[in-house]
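I've put the structures underneath this note.
You will see two complexes here that share subunit A, one where it goes with subunit B and one where it goes with subunit C.
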Partner chain A sequence: MWSRIASRLLTSLVVAWASVTAAFLALHALPGRIEDILAGDVDYPGLREAIAAEWGLDRSLFEQYAAFVSRIAGGDLGTSYVLRQPVTEIVGSQLWPTVQLALAAGVLAVALAVSVALLTAGRGRRARKLASILELVLASTPVFWIGILLLMLFSFTLRWFPVSGANGWTSLVLPSIALALPTAGLLAQVLREAIEKTLDQPFVTTIRARGVGEFAIRARHVLRHALLPAVTLGGWLIGGLLGGAVITEKVFGRPGLGSVTLGAVLTHDVPVVLAVVLLAAFIHVAASTILDILYLLIDPRLRAA
Partner chain B sequence: MRKFVSLLALAALSTAGLADAVRARSDAAQPRPGGSITWGVTTEPSCFDPHRSSQQAAFFVARNYIDSLVGKRADGSFAPWLATQWSIAPDGLTYTFTLREDVAFHDGETFDAAAVKANYDFVKKPENAATAASLLENFTGAEVVAPHVVRFTLSRPDSTFLESVSNVKLGLISPKALAKGDLCGGGPALAGTGPFVFERYVRGQSATFVRNKAYAWAPGYAAHHGPAYLDRFTFRFLPEYAVRTGALTSGQVDVIEGVQATDVSLFADQPDFTLLVGPSGASTSFTFNINYTRWPADDVRVRRALRDGFDPEPIVRQVYLGHVPRAWSIIGPANPAYNKALVGAWGNDIAGANRLLDEAGWTTRDAEGFRTKDGRRLRIDVGYPQPYVRDNREILIQGIQAALRKNIGLDLNLRIVTAGEYAKGNATGTWAIYPNTDNPSDPARELWDMLGSKGFLYTNVPHPDPEITGLIDEALQATDPTRKRALTDRIQALGVEKAFIVPLFAPSWFLAAKKRVRGLSFEAGLDSPSSAYDVWLEGA
Partner chain C sequence: MIADTKTPGGHGEPPLLVDIRGLSIGFAASGSGAPIVRDIDLAIRAGECVALVGESGSGKSLTARSLLNLAGDGARVESRRFHLRGRDARGFREADWRRLRGTVTGLVMQDALVSLDPLRTIGQEVGEVLSEHRILRGRTAIAARVRDVLGKVGIPDPEVRSRQYAHQLSGGLRQRALIAAAIAGDPDLIIADEPTTSLDVAVQAQVLQVLAERVREGAGLLLISHDLAVVSGIADRVIVMREGRAVDSGPTADVLMRPRHPYTRQLIAAIPSAASRGRRLASATPVGPSGPARAAPPPRRGPGDVPVLEVRGIAKDYPTRPGIGRAGSTLTALTDVSFAVRAGEVVGIVGESGSGKSTCAKIVLGLLAPDRGAVRLLGQPWSGIREPERRPLRPRLQYIPQDALSSFDPRYRVSEIIAANLAGLRPADRPGRVAALLEQVGLRADLAGRHPRALSGGQRQRVSIARALAAEPALIVCDEPVSALDIGIQAQVLDLLGDLRDRLGTALLFISHDLGVIQHLADRVLVFHDGRLVEEGPVGEVLCTPGHAYTRTLLAAQPRLAGGLPAHAH
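On to the complex of A and B.
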């Protein structure tokens, strides 16, 4: 038990170090010197040298890397080159709105997918076909487009919800629906297929023979079996939600990590990018741990192993 | 055009003896204090400190909390602001400013000569790497002559210096705030003397400002004096066009900036909304800057063929639906230094362009119909940095690309590049065509930026053209306005003549607002909407 936890922690550290290193190298492999990008369309003698000196860009790449790693290890994420604010403050202030959005969208996507899959699996061909087409359309529609359509209808025309921002729950409704729909579409497809496969299993016939109602069979017995492949998708789902959050935040003018990350990558704002990468690595490790635990809860056979 | 039509209508009304009625109506709508508005803007500034920012979007926000020593009127002349008067020594090397004595910073600090000196010293200090230092190239120091008299010394005459002093980039920040450290994050820490106090910044969402009740030092060109009318106002960052438009039509914001050409009809001549069109190209036009030292554009015939091989007028009209004019010079038509002689003087000579290319030896064609010479295609890259792509300008370039291909077999290769790739091309002088608008408002400074030997475009290009760079250096030092005007006219003409530049269109600011929002206008010095100082709410 303890050795498993220890090895898990060790792996997380390795993942964090490897992703920070990869991000650092990738940013420096991109064309353009950072001091040139920061100077932009401004130039006067000495400007670039002053910028380089200010951020230590005049040191060798290895020295810069070592400085970053040792600073991060000490818990100091540094100062953004572009926003000129402490990275901890920037990421800290943007983290909660993004988490809020991703959580709301995730819960909504799962609830939608489960109910649609439960209701349509193994039913009449028409209903299934219709649900399937709808899911395909949703899964392949860009979040951007869904967001604009939702805004036009519910915000600009009906005026039920505010356009954007992060002011209370009303401003969370439209962005989380926009973000949830494509994910729900995909999830429902996978889930229905799994439910249909399970419905053909002999144990279902046994339960039916006991006189258990159809809905109870599905919700209590079949769903548990069908959840495994869906949970495997969970890792992808978290990535998708965080990625989709970038676009959703832009459309709805919401604060969040998305726009900060995008801007940081485009301007080679190394300290901010490294902090976000670190955060993503942490989320990845945490999510895979939670998924492993979920597997155990869903499938008792795995517990014995 | 629309403005002109309504002026005509107004003239007709007054001649019909209705002038009194018109006057009575405007009397009923006197500005009154109170109320608050929300203003949807396109770009969230990455830094709110005017000394450090290089984004036009940031300067127009900063004007609300930052004042300057002098103000610039629309006609290009200067008005007193925090300085009541100023004098320039005959040799052009010393500038003496007498300051107002009743001004206080938002944090309670006194505004005096020492505060001015602290600001200029801060910007000039190399370690601070402030972008505004580019305006202080010839500035050598500030001296406190009396508590409210400050003197600047220059190393050589600089015809753009007063303009720079009026610029928001050299606006005044409380010395106490300057000493405290980085001010990019805005908020009350960023204490200026402006009509509004920076109350709160929520990254990714909004910036809020409250009225500075003590304000009694408006610039000489302001429409009123005393504190601003609005109690409070908020900038909401809404990067999507459709979302800004929807937010205004549904009443969730009161003003928006960056109205798309296709949405103009939603607001123009509508009972509930006002559309305000700013001056077209009050600083520069959107222009192709052609690196004339790089093959194949090092041949003047190739550059002239590119310049004349298409008609910008229909392309501009198609993209912007007739709301902005095509350009004739790199300096915009609303800029007092615009060289009007260039109107109609060049362009759209397809036969001539083809002749030039034949002469230059581009006589063979490849399978796709592009001209070739010695087996190489006639191709010139347009490297458009992704962060600057906006306002359908890439669509405009695509239109030109198609026309040049069809008309003269030139491959204008539009590439949307990253900021890094652009920075690399610039640092090595290997860029080919750079499309842009530039925003320092002094014409000599603009020409220097884009075409000068040490401007940001040509600073790393070996051997820039001695004739044009020489004229620009001369214009920068020409303190006599007539001489300066002659020089800037000549430089504009020379730029087009040698086809170093191909001016495309004169962009304009499009604001839309609810009818009850009054007093919105544009500021000449910034080429942007004015601050919210004169804005008021009908029925507030």
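On to the complex of A and C.
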């Protein structure tokens, strides 16, 4: 148990370090010089050298990397090249709208998928087929396209919801639907298949023979079994929601990590990009740890090992 | 909620729980739409056990499930009369049926590991019927009743057990918990569908005793089984089913002890036992093309003196993983086991699950290295060497598994499965050899082009035997090769193995939980218990005058067609 947790933590450190290193190398491999970005529109002889000396850009790549890693290890994410603000402040201020969107979309996706799967699994062939096709279409449609369609219909034509911004819950409705639909489509397919597989198990006959109704069988017994494969998908889903959130924010003109990240990448704002990468790695590690614990909660057979 | 229990019936006779005439069950979706179960009459009184026996596909489970209206999606159940506890069930809607399930009829299925929800505790599973039908309200009242019922089926420490999960219980306790879940709602009728299949004989005897106890207390029991010996010990009346029809029925003593119907006789003749040694089990059953020509068994070549396999003092421990609050320890699977198999000899291994049989087989097959001791095959070292050194001898040692289908590559055709063991033969000669081998195991040569999925269970086991023979082995390890087969098919496969031993002189190491199979086929028997070889000797001696206490327990627990309930004081 404890050795499992220790190895888990060690793995997360390795993941964090690897992602920071990869992002650092990728950014330095991009064309263009960081001094140019920092200089902005100003230009006079000796400026670039001065900037390079001030930011430590004149040192070798390895020295920059070592300095960077040791600073991060000390908890300092650095200062943005472009915005000249501490990175922690920039990311911190933009974190909440993104989390809000991802959470809303996640809850919506799970609710949609569970209800559709519960209602259609093992019932009439036609309803199943229809739901299955719809899910496939949704799962393979890009988020931005769904977003644009929703905007055209509900914001421009019907004017039910605002076109952009992040003011109140009305501005959250369309983005979270756009983000939730592909996820819900995939999740519903996995859940339905798992529910149908579980319904074929002998213990379901035993439960029926106790006089338990069809809905109670599904809600009380079968759903829990079906959650296991869905949890396996969970890590991927959380990644998908965060990645999708970035695109969705752009489409709906919402503030959030998405626009910050995009801006930072375009302007070679290394500290900001790396902070986002670190955050993503942290979320990944935290999510997979939580999912591992979820497994143990759902399936007592795994607790023994 | 449920109608008055005043039921029609004779004076002084216990009430009739089930009264069905002319039952037919069909599926609209299946091919011709012809009924699968046809014209069955079934009557069960309180305090009576009625058994449905027959081979798989005979419709016995379907008949039993129809009493719960759980025959399956799209099942069409028709009858002239269908009374459950005096009420006509033919007009029942789903809600009516649901009210009956668990309170009037309780179902016990095979293998509690998959028949209880593995994610819920025993207490939750047993208590569900109580809360579902609002028999009791409140957690404490339900928990108290659950403990009560668990105690009734002979589960010790019900308090602790009710908080455990099915996988944490032993096979016997688990099966009793399944019975407890079925009887918690105090149903008048228990439907037990192969309740002891896949259990060890000793555990089987205990489970049967629990069921017999319910009958004595006044419950009706409908027992579905393929095992005539089990049925003969507990049932008052027997219905023999074949291809959806009742071919024979009556009091157990008449049907099974003095069998008149040819099919019943055939079923009884097919049971392997000490008495069936040296004779064919499937004499009356036509077997493929080469069947009638082999009426008399060929003269047997006696076992030689040359040892094919020598096992000396082998032992195996498995380390267990450390958990919370306990250090890692070792689980002893096998302790100091020595035996030999001579050429042409059939050596049986018996023992319950966990006795070390399978570990021993794995070591003999060279799939597992023993911690101590040594194995020699055909006089050469077999354990303690690397796999490449073992490879030249591999063809001489073959294996017949319990589940033939999963041992085949699903993309291979029968011819490819067998030819895989014909590496020494020129490709041009292989089809001829495959055909000869198929004939040898009683299969038509045109099956060579089939995929194993398109074969019946008996045919698959024959293919797996042909595959083993293709390598011209000196020894075949057979791991429960007939335990998944119906009695008729089992008889044919056992006959085939006996013939091959007689004709080819191949030695067999035969693992089985069924003492009857060992008594029928084996020359010598090894009795395993808790990883030790507790007794060894000629079958006649060991199983007639057992020396070890465990062997005696095993024999006492074995259900026999003639006797009453085994290991049970009347």
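Keep this in mind: the second predicted complex is superposed on the first by the 279 of 305 C-alpha atoms of A that agree within 3 Å, B and C clash if a C-alpha of one lies under 4 Å from a C-alpha of the other, contacts with A are read in each partner's own complex, and residues count from 1 in each chain.
Just so it is clear, contacts are C-beta pairs under 8 Å (C-beta built on N, C-alpha and C of every residue); 3 or more make two chains touch, one makes a residue touch a chain.
None of the values given here were measured: they were computed from a predicted structure.
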Subunit B versus subunit C as contact partner of A:His225, first or second or both or neither: second
Subunit B versus subunit C as contact partner of A:Thr206, first or second or both or neither: second
Partner touching more residues of subunit A, whether subunit B or subunit C: B
First (subunit B), second (subunit C), both or neither touched by A:Ala216: second
Contacts of A:Gln64 with subunit B and subunit C, given as first, second, both or neither: neither
Touching partner for A:Thr248 - first (subunit B), second (subunit C), both, neither: neither
Which superposed partner A:Ile298 touches (first subunit B, second subunit C, both, neither): second
Residues of subunit A touching subunit B in the complex: 30-33, 36-37, 39-47, 50-51, 53-54, 79, 82-85, 89-90, 93-94, 97, 148, 151-152, 155-157, 159, 162-166, 249-256, 259-260, 263, 266-268
Subunit A contact footprint on subunit B (complex, rising order): 44, 46-47, 49, 52, 54, 126-129, 131, 133-134, 137, 182, 184-185, 202-206, 236-240, 242-243, 246-247, 249-253, 386-387, 418-424, 426-427, 436, 438, 449, 454-456, 459
Subunit C partner contacts - residues on subunit A that touch it in the complex: 1, 201-203, 205-213, 216, 221, 224-225, 298-301, 304-305
Complex interface listing, subunit C residues touching subunit A: 68, 70, 98-103, 105-107, 109-111, 114-120, 128-129, 132-133, 165, 167-168, 178, 181-182, 185, 191, 321, 323-324
